[in-house]
Every structure is written in structure tokens, then in C-alpha cells.
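Note that chain A is present in both complexes that follow, paired respectively with chain B and with chain C.
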Partner chain A sequence: MPNDVSALQLVLSSDPALFAIVRLSLYVSLSAVALAALIGIPLGAWIALTNFRGRQGVIVLLNALMGLPPVVVGLAVYLALSRSGPLGSFGLLFTPGAMIVAQTVLVTPIIAALTRQTIEDLWIEYRDELTAMNLGPVGRVATLIWDARFSLVTALLAGFGRAAAEVGAIIIVGGNIEGFTRTMTTAIALETSKGDLPLAVGLGLVLIGIVIAVNALAWTARRAGERLAG
Partner chain B sequence: MNMLTRRVLIAAAVLAFVSPAVAQDKSIVVASTTSTQDSGLFGHILPMFKAKTGIDVKVVAQGTGQALDTGRRGDADVVFVHAKPAEEKFVSEGFGVKRYPVMYNDFILIGPKSDPAGIKGSKDIVAALSAIKAKGSDFISRGDKSGTHQAELNLWKVAGVDIAKDKGPWYKEIGQGMGAALNTASASNAYVLADRGTWLSFKNRGDLVIAVEGDKRLFNQYGVMLVSPEKHPSVKKDLGQQLIDWLVSSEGQKAIADYKINGEQLFYPNASDSGA
Partner chain C sequence: MRAPSSELPIEFDGVTVAAGGVTILDNIALTLAPGAPTVLIGPNGSGKSTLLRVAMGLLAPSRGCITWGGLEHVPPLKRAIVFQRPAMLRRSASANIRFALRAAGIPRADHARRTAELLELVGLQGLADRAARRLSGGEQQRLALARALARDPAVLFLDEPTASLDPVATKAVEDIIRTVSERNIKVVMATHDFGEARRLAGEVVMLHRGRIVETGAAASFFDAPRTLEARAFLAGELLI
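What follows is the complex of A and B.
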């Protein structure tokens, strides 16, 4: 990417390198949120509806994991995916796949913890009805997740915000390879280290714009969905 | 479809999803230093290599210490760094196949225009470091085991300073890359040892200028090594060796010599000097 033009000019001239970086950022973070949702929503709902020994401890732990330091997750995933590590044979280190794995680890506790809270509140409200309907545990979880689907969008957005904003994990496991694993945040870190602060700031503004756009899209979809659902 | 088949298919789908690039084969990973990347050298020479061989070179830019560790773990095919003793150790321990000298440039001591240690224009790096210590002028150290950090520690030793013991509040180890160290020096008007390539391409100079250059002890040699396929069978030895052969060939050496910023050459090829 040329250094002597501002990020705004890059956008206006539809620079293919910048688009590739934006596309990769969205691909990695949205994939991570999708995988984390597949794991985190059922897990959170299950914890909300199930009584087991140590449940309070699990909830505290889940809430605490929302604050997992990205650099620690990055290091752990790095050691796991390294050729010398237990999952080395997959050859995932320094690929977008490794970045998705790391961000999934970061985002899953956020989605699970927020889902747990949402579903538990709903469960208190609908407990009698659901008990009367005589649904099994899987049916209850499914019904409550469906009823909470619009509120759960917020959990997904919180997860996406975390994924799109972090640099600590993906720069370690992705390696910030030009044209392959360079995302918005790692590009900002790189331009800062090159001393090109205006370009770094420009890229930062583009990133914030993208995050706002994704949130606006999700908000619109949620409103439309609520209207359709009556 | 039975349960097991379905599970296997789901696992395969998830893997295909997270590893879209595993199938790409004509590519190698090179663990290198921030200086080769940030100076723009790779951006200049690697497209030529790709045009000739079709091999995609993925550069992971780290400090020399970390780059050697990446090679040691088998996570790179080729290591391209600048700390000869550490490189020779890497090869003698069996992690690298053979070390090839590729090119050199030099380190320079950067400092504020106001020159509080009174060393600007000197060609004696050892006297300059002694003056910085005597005056207690602010000094930024990489502190990250990079090639530049190791060179800096070595120069303190030559100056007869045991920096681990003698450092005062004027000596700040930031534990980050070359660019971050230059940013810090620029913001705090401190001295810092830098490689010339990164300095020439660095934009946020503020009041910083070159204080000391041209001392033979500031020589900065780069070497390249293939990671041992015996230690790590996943190493792409043919593709990796093609890169090394090209770097030390007359064509690769010319490509390195041709890289200039504002008419100034950044790296000097010397693959033919077997003692380098």
C-alpha cells in the first residue's frame, strides 16, 4: 500500500489493497462471531435453565472470561497451532483460519455470558407457561432462544465489536502477512510502527466507520424482524 | 446418514471453513525482521522473485530473536535475520540447514537536533555511548532481543559499560520494534540505535537526526537460512531453497542493490563474501 496518500484518498480511489484488508477483517471477525454464536448461544441458554453443582462458579467464570486478554489468547492459540504444538499438523498458523480460531475463543464467552443473562431473565418471566406446555429441556431452550432472538442480536454485536477491535491475538497467530493475514487493526499497528501516523489514523477512522455500518445494518434488520414478527 | 458420518461431515465443513488457504501450495513462510519489511525491501524484491518462480512469499516480520524462535518451532520455512552469532547457533543446534550471508547495511545512532550529549557528527560510536551515559541523556533501547537490540548490547560492552547494572532512569527499554522505538525517541527527544533502512523509510522523525554514523563497529550483516526439514518435515525445502538461491544469485543481489529511497541505497549485497 502506498504510504504517501491518506486513507480517505485510498477509499475514494477504491484501492484494491485496502478493500482486500477490509474484506479480510470482516471475513475473520464475522466468521468468528458465527462460530462463537453456534457454541455460545446454546451453552449460555443451557446454563440459564439448568441447575447443577457449581453453577454459580461457572457463571462467575463465564463473566470473567469476557475480559480475556487478547494477547494471552493469541499466545495460547499460537502455541496450540504451532508446528511444534498439539494441533500443528493442521498447518493453520499464520493463516486466516488461525485468526478465526483465536477470535472465536475471545468472543464465545461474551456471547455465552450475555445469552445466559438474557435467557435467564426470560425464563423467570415464562417459567409457568413453559412448564405447563410440558416441553423437554431441549424444547425449552429452543423456545426461549427463539423468543429472545431480537435481544440476542445485542450479544452478537458485542461479540463482533470485540473481534473487530482487537489486534493482540490476530497479530500473533496471523503474522500480519501482507495480502494474506493483514487486517484493519494489524495494518494500523504496522503503519504506526512505520511512523506513518496520518495513514494509521485514517485507517482507524475507516475501521470505526465499518463497525458503525455493521451495527446500523444489524439494528435495521432487528427492527424489520420485530415488525414482521408483530 | 448415520450419526458418525454426519459428525465427520460437520467437522470437515468446519475445517474447510476455517482453513481456506491450506490448499494453496506454491507459497512459503519467511520469518524475518521488521527492518527488512518496514524499509520496503521485501515489497521491492519479492514481486520479482514471484514473477520468476511463481512462489508466493509470506513474510512474518518479527524481531530477530522471535524470528529464529519461529523457525525453531517449525512455523517458517526460511529465516532471514541479522544477528550472526545467534544465526550460527541456530544452525549448529540443527534448526537451520546452512547460513548464507546476503547483504549488509549499517546501524546509525539517532538523536535530537539539540544534541544534549554533544556527540553529533562523531564517527566513534563507543565514545558517543560513553558520553550519553556520562551525561545521563535519554536513550531508548529496543529491549526485545532483536538483532538491533543485540548489536546495541554488544556496543555497550565494547564501551566498557555493564548496561544491566549501570543503567539509570535515562535508559528506557521499551520491548518493541524499531518503528515503535523511533516513535518513542521522537516523542521524548531521546537517542536510539536504529538500522539505516528503517530510518530512511521512517516518517515521524520530529526533531530527530543522525548523530553518529560511519563507524566500522556499526556494520549490520544479514543472513538467510532454510529451516531444517529433518527437524520439521513440514518445511517446504525445495521452494524455500529456491528463494535462498535467488537471493544470493547475481539477479537477486542486483535486485537488493537496486532498492533505493530518495536515491539512497539501503542494502549492500555481499553474498559472495563467504566470511560475512
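What follows is the complex of A and C.
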């Protein structure tokens, strides 16, 4: 990529290297959010609806895990995926797969904690009706998740925001390898340190644009859905 | 015409409900038999809503026992309740009814027909696709009635179904209650509105401080109340 072009020119010229980085970033972050949603939404709903010893402690822990330091997660995932680690046989270290794993670990507590709060609030509202309808546990969870779907979009957006902006974990487990594990955030960090500010700024603009576009899309879908379903 | 229900009579035998050191229902002995609507009246906090919850099976007595058709453990398949502030599921009016039909195990093939019938019964056929939470208070209460009736109940419990409704909405709800009662569904309703009790009740149960102070046919209760509490309540005095 040339150094003497402006950030805007880079973006507007559809630079293939830049768009490869953008594509990989979206693939990693969206995959991590999808996996985290598969784990975090049922987990949050289960905690919301189940009474067990130590539940309050689990809620405090889950809320605390929302602020997990990315570099610590990166280090833990690195140790787990390294050759001598328990998951070393999968050969994931320094691949996009490792980056997805790290971001999933970071995002799951956010989605689970926000889901837990959302479902618990809705359960207070629905408890009498669903109990009177003699609905079983699975039916209750399914109903609550479905009816909270527009609020849960906010949890997914929070997770996506965390994943898209994250650099500490993926640079450790991905290695920032050009054309293979380089994402927008790791590239921004690298190019800034090399002094290639146009590329760094260009990537920053794209990153902000994507985050705004995803949020706008989700907000529009939520508003439309709420109009139809109440 | 509905066949005699295994849910009825509902018999309370020395039912007491206590929570946090407070006795909410105190040694209730009561039989709810098939027939005209039974109306529970009494001031706020007298135990009407708790009695309905016990009768529905949502709340277990602290002491005493309750039987449905002579049996102690009967799943609430033929009982339904409408709460004072019913929660509207976040979906359309017709989807709310379809949800109740599914929960009641009604075959899917019957859903469209039953939904249309129930919407017509409660006068909401023109609002089938409207989001339930965007309906007015009176419309929501009528939808809650339709949802409860989706269970094809033998007994319908109503907890102050017209509280906070205007006269037009109240009349609409009362008309549905009459229709339901004419279909041989036993209606048990809590209210603190005398007028409503006079208009709907076949039998009255008056509660005060968790105890039954008087029961009897509506006509004799309103014309010649036997107890001091009932006379004071009917005279509009504050029962504390």
C-alpha cells in the first residue's frame, strides 16, 4: 500500500489489501458474536429463571467478567491453544480460529449478563401469565427469549462493539500475520507504530463506519419489529 | 352445553395463607359450585386476589386444603385466570390467542378457527393484527379474556377485571362475562365495585381481613346483609 495517499483515497479506491483486512475483521467479530450468543443467551436465561445456591455470586461474577481485560484473555487462550496447552492439538494458534475463540471468551459474559437482566425483568412481568397457562420450563425460556428479542439485540450490539474494537487478545493469539490474521484493530496498531498514518486513519474510519452501520441497521430492525409486535 | 366439570365444586377446607408473619387468608371454608357467577367483594387487602390464586392453584395454602372436584392435586388444565393487570405478550392480538391455544394443547389445525371465534366473542376481530401492547386498557382486558377462554376452561377466575376501565370498556367486559357465564363456564370474580357485583353476581362472598364475613345469594346479600361489616361496606363506610 502506498504511503503517500490520504486515508480517504485509500478507502475510496477500494484498496484490496484494506478490504481483505476489513473482511477478516468482520468474519472474526461476527463469528465470535454468533458463538457467544449461542452460549450466552441460554446461559443468561437459565440464570434468570433458576434458583440455586450461590446464584447471587454467579451474577456478580458474570457482571464482573464483562470487564475482562483482553490481554489477559489473550494470554489465557494463548496458553490453552499453544502446543503444550490442553487444546494445542487443534492447531488453532495464530489462525483466525484462535482469534474467534478469544473474542468469544470476551463477548460471552457481556451477552449472558445482559440477557440475564433482560429475561429476569420480563419474567417478573410474565410470571403469573405463563404459570397460569401451565407452561413448562422449556416453553417459558423459549417464550421469554422470543419476546425479549428486540431487547436482546442491544446485548448483541454490545458484544459486537466489544469484539470489533478489541485488539489486545487477538494480537496475542492471532499474531497479526499479514494477509492471514491481520484485522483492522491490529493493523491500526501496527501501522501507527510504523508511521503509516494514512492507512491507520483509513482503517479507523472504516471501523467506525462499520460500527455505526451495524448499530443503525439493528436499531432500524428493532424499531420496525417493535412497531409490529409491541 | 358444557358437560359437568371435574374441576367443580372447588372446596376450601380451613385454608390459611400466611407470608412474612402476616395472615392473608384465615381459615377459609368455602364451596364454589357450578352455577351463576360468584363475586368476591371486600376492601383492598381483604384477601380476594389471594383467594383467587389459591383457587387457581397458583398458590399453595399454608394450612388447610383445597380440592377440585373432590381431588387435591388437579393440574390447572380447565381453569383460567385474568389478572387485574394482564401481561400482554409482545406479539399481535391474534398471536396472543394462538399462544394460549398452543399452551393449552389445542391442535394446530383448529387455531385459526378458534382464534377468529375468540376475537369475535370479545369484539376485537378488527384488531387481530395490532400489537397487543398497543391496544387500549379495555381492549387489552378483552384480549386477556379471550386468551383465558382459549383454554376452554370450566372455571374462569377474574381479578378485578374492570378496575381502572371507563364505563364503556367496563360494559364491554361485563357483557363478555355474561356471555361466558351463559355458556356454563363458572365465573369467580373479585371486585370492590358494588354496582358491578349487583349486575353480575349470583352469589356473593364478602371478605374482610382475610376472613369470610358473609356469603349468600346476591339478592339477599344486597337487600338484607346479615353482618355489621357487610352493612357498613354496603353503606359506603370505610372498612379498616
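Here is the rule we go by: the second predicted complex is superposed on the first by the 223 of 230 C-alpha atoms of A that agree within 3 Å, B and C clash if a C-alpha of one lies under 4 Å from a C-alpha of the other, contacts with A are read in each partner's own complex, and residues count from 1 in each chain.
In this text, a contact is a pair of C-beta atoms (placed from the backbone, for glycine too) under 8 Å apart; a residue touches a chain by one contact, two chains touch by 3 or more.
Predicted, not measured: the structure shown is a model, and the values here were computed from it.
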_Partner chain in contact with A:T95 - chain B first, chain C second, else both or neither_ = first
*asked:* Going by the contact rule stated at the top, is it chain B or chain C that touches a larger number of residues on chain A?
replied: B
*Please indicate which partner A:L156 is in contact with in the superposed arrangement: first for chain B, second for chain C, both, or neither.*
neither
*Counting only touches as set out at the top, which of chain B and chain C does A:S84 meet: first, second, both, neither?*
first
*Looking at the overlay, does A:T143 come into contact with chain B only (first), chain C only (second), both, or neither?*
second
*Could you say whether A:K194 touches chain B, chain C, both of them, or neither, answering first, second, both or neither?*
first
*Check whether A:L114 is in contact with chain B, with chain C, with both or with neither, and answer first, second, both or neither.*
neither
*asked:* I'd like to know which partner A:N134 touches here: chain B for first, chain C for second, both or neither.
replied: second
_With the touch criterion stated at the top, can you tell me which chain A residues are shared between the chain B interface and the chain C interface?_
none
*Quick one: which bits of chain A touch chain B in the complex? Just the residue numbers, please.*
3, 31, 35, 82-85, 88-97, 100-101, 175-178, 180-181, 190, 192-197
_Contacting residues of chain A [partner chain C, same complex]_ = 125-126, 128-129, 131-135, 139, 143, 147, 150, 226-230
*Footprint of chain A on chain C - complex, ascending*: 56, 58, 75-77, 80-81, 83, 86-92, 99-100, 103-104, 131-134, 151
*In the complex formed with chain A, which residues of chain B make contact?*
14-15, 17-22, 29, 34, 38, 43, 58-61, 73-75, 176-180, 182-183, 186, 201-205, 232, 234
